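Note that subunit A is present in both complexes that follow, paired respectively with subunit B and with subunit C.
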Partner chain A sequence: MTQLVAPVANSPAGGDKRRPPHGSSRRRMFMIALGFLAPALVFLGALVLYPIVYTVVRSFFSAGGGEFVGWDNYVTMFTNDSTFTAIRNNVLWVLVAPAACTILGLIFAVLLEKIKWATAFKLIIFMPMAISMLAAGVIFRGMFQENPNLGVVNAALVTVNSAFGQDAAYPGAAGRDGLGLVQDRGVIASESTVESGSEQNFPLVGIRVDSVPAAAAQAEPAVNARAGQLVGTVWLDVVRGGGGTSGQIDDGKTGLPGILVDAVAADGTIAASATTDAAGRYVIDGLAEGAYRVALPAANFDEGYQGVSWLSSTFITGVIILSYIWIWAGFSMVMISSGLSAIDRSLQEAARMDGANEWNVFTRITAPLLSPVLIVVFVTLIINVLKIFDLVYVIPPGSAKPAANVIAVEMWTVSFGGGNNQGLGSALAILLLILVLPSMIINIRRFREERQQ
Partner chain B sequence: MRFMRHQRLIVPVAIAAAAGLALAGCTSGESTPDDSSGNGEFAGTTLEVSAAWSGAEQTNFEAVLAAFTAESGAAVNYSSFGDNAATTLGTQIEGGSPPNVAMLAQPALMNQLAANGNLQPLSAEVIAAVAENYSQSWVDLGSSDGTQYGVWFKASNKSTMWYNADLYDQAGAAVPEGWDDFLAQLQIVADSGYAGISIGADVGWPLTDWFENVYLRTAGGDLYDQLTNHEIPWTDPSVTEALDVLATLWGDDALVEAGAAQRTFPESVTEVFGADPKAATVYEGDFVAGNIADDGTSTVGENALFYDFPAVNDSAPSVVGGGDVAVSFTDDAATDALMQFLASPAAAEVWVPEGGLTSPNNNVDTALYPDDTSRQIAEALTGAETFRFDMSDLTPSAFGGTAGQGFWQIMIEFLQNPSDVMGTQQKLEDAAAAAYAG
Partner chain C sequence: MSDLTIVRGKQTAAQKILAFFGKGFVNFLLVFVAIFWLVPSVGLFISSLRTVGDSASTGWWTVFTTPAQLTVDNYVNLLSNTAITGSFWNTIMIAVPTTVLVVVIGALAGYAFAWLQFPGRDWLLIVVIVLLAVPIQVALIPLARMFGALGIFGSVLSVILFHIAFGLPFAIFLLRNFFMQVPAELLEAARIDGASDWRIFVQVILPLGGPAIASLAIFQFLWTWNDMLVALIFTNSGSQPLTVAIQSQLRQFGSNIDVLSSGAFLSMIVPLIVFFAFQRYFVQALLAGSQK
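The block that comes next holds the complex of A and B.
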């Protein structure tokens, strides 16, 4: 560089004898330096500086850009519900995600140092970094689907749960409306009490004809009750293909076998129980005189554990942060293990010789030596987390979108996603810039310090 | 040196190739003028026509234009502007060379171009042809500020309720007459162990279509237009009535399949027409036929059928939908002849047998539709006393077209809590007030 520049700079300076050669050559040097820097400066100005300045200016104008509105956009930003949620979520993100990633990365890096095949494990942990954020978002959305048939997390939970519980025979059944049956927390019961020695029927609906057990036969009316008995029939009050009268045992209506029927005494205790036969009939025997409510307990109809609604407003931010950690823990692990490989091992050895245990070696020697790397990783992640967009855009279903909102997504929605308010969008962009600035300054300062060392 | 020469050769070749690709990309929508243009009234004239259509739709529309060429002698060039109607036409108008005729999918764009003075009002002959062939709703939709500018060529029907005929037959449910009967039939389906209806409310647009259909039936076309233009507030009693009607369905857990808020729209179609159906009915426009075909388990016209969106309180047949309107930019006889042709049944009848076109033209022979389902869709459309354009497409996009905000999001919230009618109306009004002001 200097070789190229020097002859050009010197020869005219030598020819000019009236001016002090020193100052002139300095100015020429400056002009030449400027000439070389100009293309880069033009690009920087056009692609970085101008957009920033224009965004600041734009943030003081209305949605259409025609009207100066002063600080209105900034006021809207902090008073509007959805933007406020976005800012609050961003705070949550910054508090949780970078720390979690750094700590996990540190644990992985330190532990993996001590095992064989470390590279293979590192490769696996680093693998998510190779997946685009968008694809990772799609994966996590799939994993956390509410329907256990679609989401692997709920599928696992439901499987574990059903391993310990008994599956109900008729999940989701309901009593036919308007026929003296009430349904409360899964229990289907007679609306009024029944005297012993009489009949209580249960026409049920909401069960698929195909899912009735093979043993089931055509429903039949119960035999006349004797004293001390309660009798009745539990049947599926639906005829395949339609027809029949609601609440009547018509041809084609099947009895529901295996349903537990309780006679509940006035004080709420279960006086006696019976189970229905293939035609759906039951006979509860040995009852004292008196009035009972006949109830089909919830165990017959329990739909079982359905898993957790992960993608609902309550858990959505947690799920997205988890997916972020899944991706970025690998990054921090790789950064930290490269830091680890650079630190001076003799200090660790010396500490061990002095009798320090591994925990003390880690907390007193390794971690302090690693702190410059840890800070770089942490600050980089903070910047990264502040501008998080892809995952928050992809993972939440529509109903949970407002709850998952972050500033970058809000900025995009407001200005381009249909909101068409680029004034407010610019104000949000400026807020994001201001939030990122401190971390940027810390990073730059650190780089400078490192160079001076 | 050899290497250098190679490199020198490669760069221009690469640039040429890239430029070629770019050019090909620009012109792929163009078609060569038909050579058969012989001796008609306008022989020697060339017209430019643009629309969003490409692929099969382009082929079919070019056949329509070829029929015009055969009749009139004028050659017609077709080019596709894809999804960028506003930008493309805007640039062409700036440059002083708009197409002679363009097909617009957004009435708002037609109104805007008309207000700017870019469009030619329809000639008396075209107005007569439209009056003869179209019902009043379409005439109104093709007008801006009282002047007729557009001829609706293609339409879509968003008032179709698709049902799994196997499940309906098994349950003994029938095609309902009116909203109350609709709920009763869904209950019959629910009794048989399947959910009555599946709703995909991952994004809000299917829900806004639900509201629009109910509102058009409870409030009628005039209030629908006023609400669209925000001339009446969303707190209006007519909105309360429509939301109350919707709540009778949405608030009934026995009828609506659980988990609607996390289900995408295509998933809701699979829940009804997939290999393991969980529900028997799904509401959306005529394009559901495409979703059913993609899923591949059920067959449209056999076990995948539809009925019209049920009437509410004996409302007259009404259809919410969309479409493409032909507008002209130049004032000359050949353009006028093309507009007349597009307003005549003959134009649509070229495309109709090929499938993919529902014509709003009343005089198109419905026997020409390739199958019963598309014929039924078209007959519902032309038989409707009231046709209205999808409201959410006519409102400012900050209100009617933004995922996570406005109309879409508030309807999702209403689906989750259908008892909060008043709160929903207030939220809609607040969102609308902000969007219409901006």
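The block that comes next holds the complex of A and C.
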């Protein structure tokens, strides 16, 4: 079990004062105490203390354990790519997650005091603490799926984006077969070159009706081209309800507005471009004499904004930290809120009477009085974050696992998950132990201070 | 005198106006936060009530427009899936004995630390406090080897032993702090009546320490129920608890969202019931370390 809360001793109560031990009763008392302590001592000795010693020794031996290798495992730890990524990610975790949880918890706890439904709010925020990190991991992995039809986060982003941005995208478009159009890597172009001063039409199919903008009008044939111009029409070569002739601009066929049309010179450079109007017509002007290919670049047919690849290497650690905050902000809120309720209100009232505003009351009076609780929460979260395992094991898909790695997961992978190197695994476990040492020392200090009061 | 009253009256009026807008905004903000916090769990729950086909093509939020897609099929399938029901049973077989033993052993030791005098008591207590923060990783490799040698590796028992050992420091520390708050006069009175330490423990400390023991029990139960790492290493396919059984489904996420979502929700049901029924005690266990 990990430490859940940094301990603070209670006031040293009665125990010390009673029954001054003298003479023969000392031995008897010792035996009684031993009787009460024996089961705990056996468990702690055999299953906690002995393993610590074993792991320290084991960390100086080779993968199989047969050979003494000195500090080699510790050197490997900082030079091996995957272990080093793990250590680096742990640093990121420690810098971000405890502070974020503590600050959020503090904000919630302070705001809570102003609402009538505080208990309900506390329950909602605190509830994730009760469920397993595995379940939380399954939840977040689902929420951050890339497909905006499935993952709620990308669905929200795409909705917001399409509400504000203009998408003139026609995903799935293709040129009508047999009408002199070719398609290559998303680009739709004329099969042969066209002399400037002539016309090139693009009858397209395969476009979903809902991606045709409302502004689109009946397709119109282009006006005759003058010298130095290339003209034409881009339209959806389908009559709704059937009918019409392929490649002909019939009544009921819609022009496709907003499509970029490039005139590509013989050397492959784009000589000039134009955009289609509501009737699907374009006019490329200012061309030198010569032959061009007319092309509709791939950007016209992109899917458009599809959200963010949350579960990719770039964002994965951020997503996992978010899931951690979802779970642990409640812990910090509950701790801080109970700390707040223990503060003497008269100080704050007095400051308000003296004309202090809420911000000053908070920074000058509330926060300093809360600082012991804030430290306990912060230290507890640091210890907890250092050992983070489940979320990092569960959330990333295989491809993003290396980028999301942390020490506890690396320790598991190296010793049990196929790495088969229990020497390096032991060294990683000892690294974790060393990393929590400062907080152990803080715990002992606090305990001693409380005793001496 | 009257001047002062007027000034005060003005202040309160101004404060009231400020407070009204402030409260409206705070309420709005916190409602927003609460919804935000609920979305993940609600999403999982709704997902667990949809068919594989629906889950593969549309998001769970579409149920708000087409509620007809809701079905309990996933749960029916889950309950006839012996791997899952078996692991549910294993979870109980791990969590219940662990909780009982941690409470019993922790209470015995907690009493000794709180009310008995013996040489080295303070040093031993410091050892317990140090062990509070020890990461379980330091014991995984040696205990896998030790349990292997004892022939219990892969069994429910090995997980129970592991959880007891690493649950004890917190249990001892928590119960010691609670037991120390029992009034000394009560113990003195019992002692004058000739009660032995055992009788004092059973008849005075345990009844008075009820809330503390409940807090610890709930905390330990949830902890053990939700553990994945220890079980991942120390159990096999026959003894694995729910968390391990569900994570093994993760490899093909999407194709088996039906098992994953309903399984994950099944694993949450017991902790959620325990949490909502006894959340006072759970919170108390969290607070116990820091505040009285």
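Before moving on, here are some points about what is shown:
In the analysis below, the second predicted complex is superposed on the first by the 276 of 453 C-alpha atoms of A that agree within 3 Å, B and C clash if a C-alpha of one lies under 4 Å from a C-alpha of the other, contacts with A are read in each partner's own complex, and residues count from 1 in each chain.
Rule of thumb we're sticking to: a contact is a pair of C-beta atoms (placed from the backbone, for glycine too) under 8 Å apart; a residue touches a chain by one contact, two chains touch by 3 or more.
Please read these numbers as outputs of a predicted model, since none were measured by experiment.
In the superposed model, A:W412 makes contact with subunit C only, not with subunit B.
Judged by the touch definition given at the top, the superposed model places A:V182 against neither subunit B nor subunit C. Of the two partner chains placed by the overlay, neither subunit B nor subunit C lies in contact with A:V160. With both structures placed on the common chain, the touch criterion links A:M133 to subunit C but leaves subunit B unconnected. When the shared chain is aligned, subunit B and subunit C each come close enough to touch A:P397.
Once the two complexes are laid over each other on the shared chain, residue contacts for A:S62 go to subunit B alone; subunit C is not touched. Within the superposed three-chain model, A:F121 lies in touch with subunit C and out of touch with subunit B [touch as defined at top]. In the superposition on chain A, A:L47 contacts subunit C only, with no contact to subunit B. One of subunit B and subunit C touches more residues of subunit A, and that partner is C. Within subunit A, the residues touched by subunit B in the first complex and by subunit C in the second are 145, 397. Across the interface of their complex, subunit B is touched by residues 62-64, 82, 145-147, 172, 174, 176, 205-209, 211, 237-243, 309, 311-312, 397-402, 405, 413, 417-421 of subunit A. Taken in their complex, subunit C has these residues touching subunit A: 22-23, 26-27, 29-30, 33-34, 37-41, 43-44, 47, 55-61, 104-106, 108-109, 111-112, 114-119, 121-122, 124-144, 146, 161-170, 172-173, 177, 180-181, 184, 187-188, 197, 201, 219-220, 222-223, 225-229, 232-233, 243, 246-247, 250, 253-254, 257, 260-261, 264-265, 267-268, 271-272, 274-276, 279, 282-283, 285-292. If you check the complex, the residues on subunit A that touch subunit C are 1-19, 21, 29-30, 32-34, 36-37, 39-41, 43-44, 46-52, 54-55, 58, 108, 111-112, 114-115, 120-121, 123-136, 138-143, 145, 149-152, 155, 326, 331, 334-335, 338-339, 342, 372-373, 376, 383, 386-387, 389-390, 393-394, 397, 408, 411-412, 415-416, 422, 425-426, 428-430, 432-433, 436, 439-440, 443-444, 447, 451. Those residues of subunit B lying in contact with subunit A across their complex are 169-174, 188, 190-194, 201-204, 254, 259, 261-264, 396-398, 401-406, 408-409, 412-413, 416, 438.
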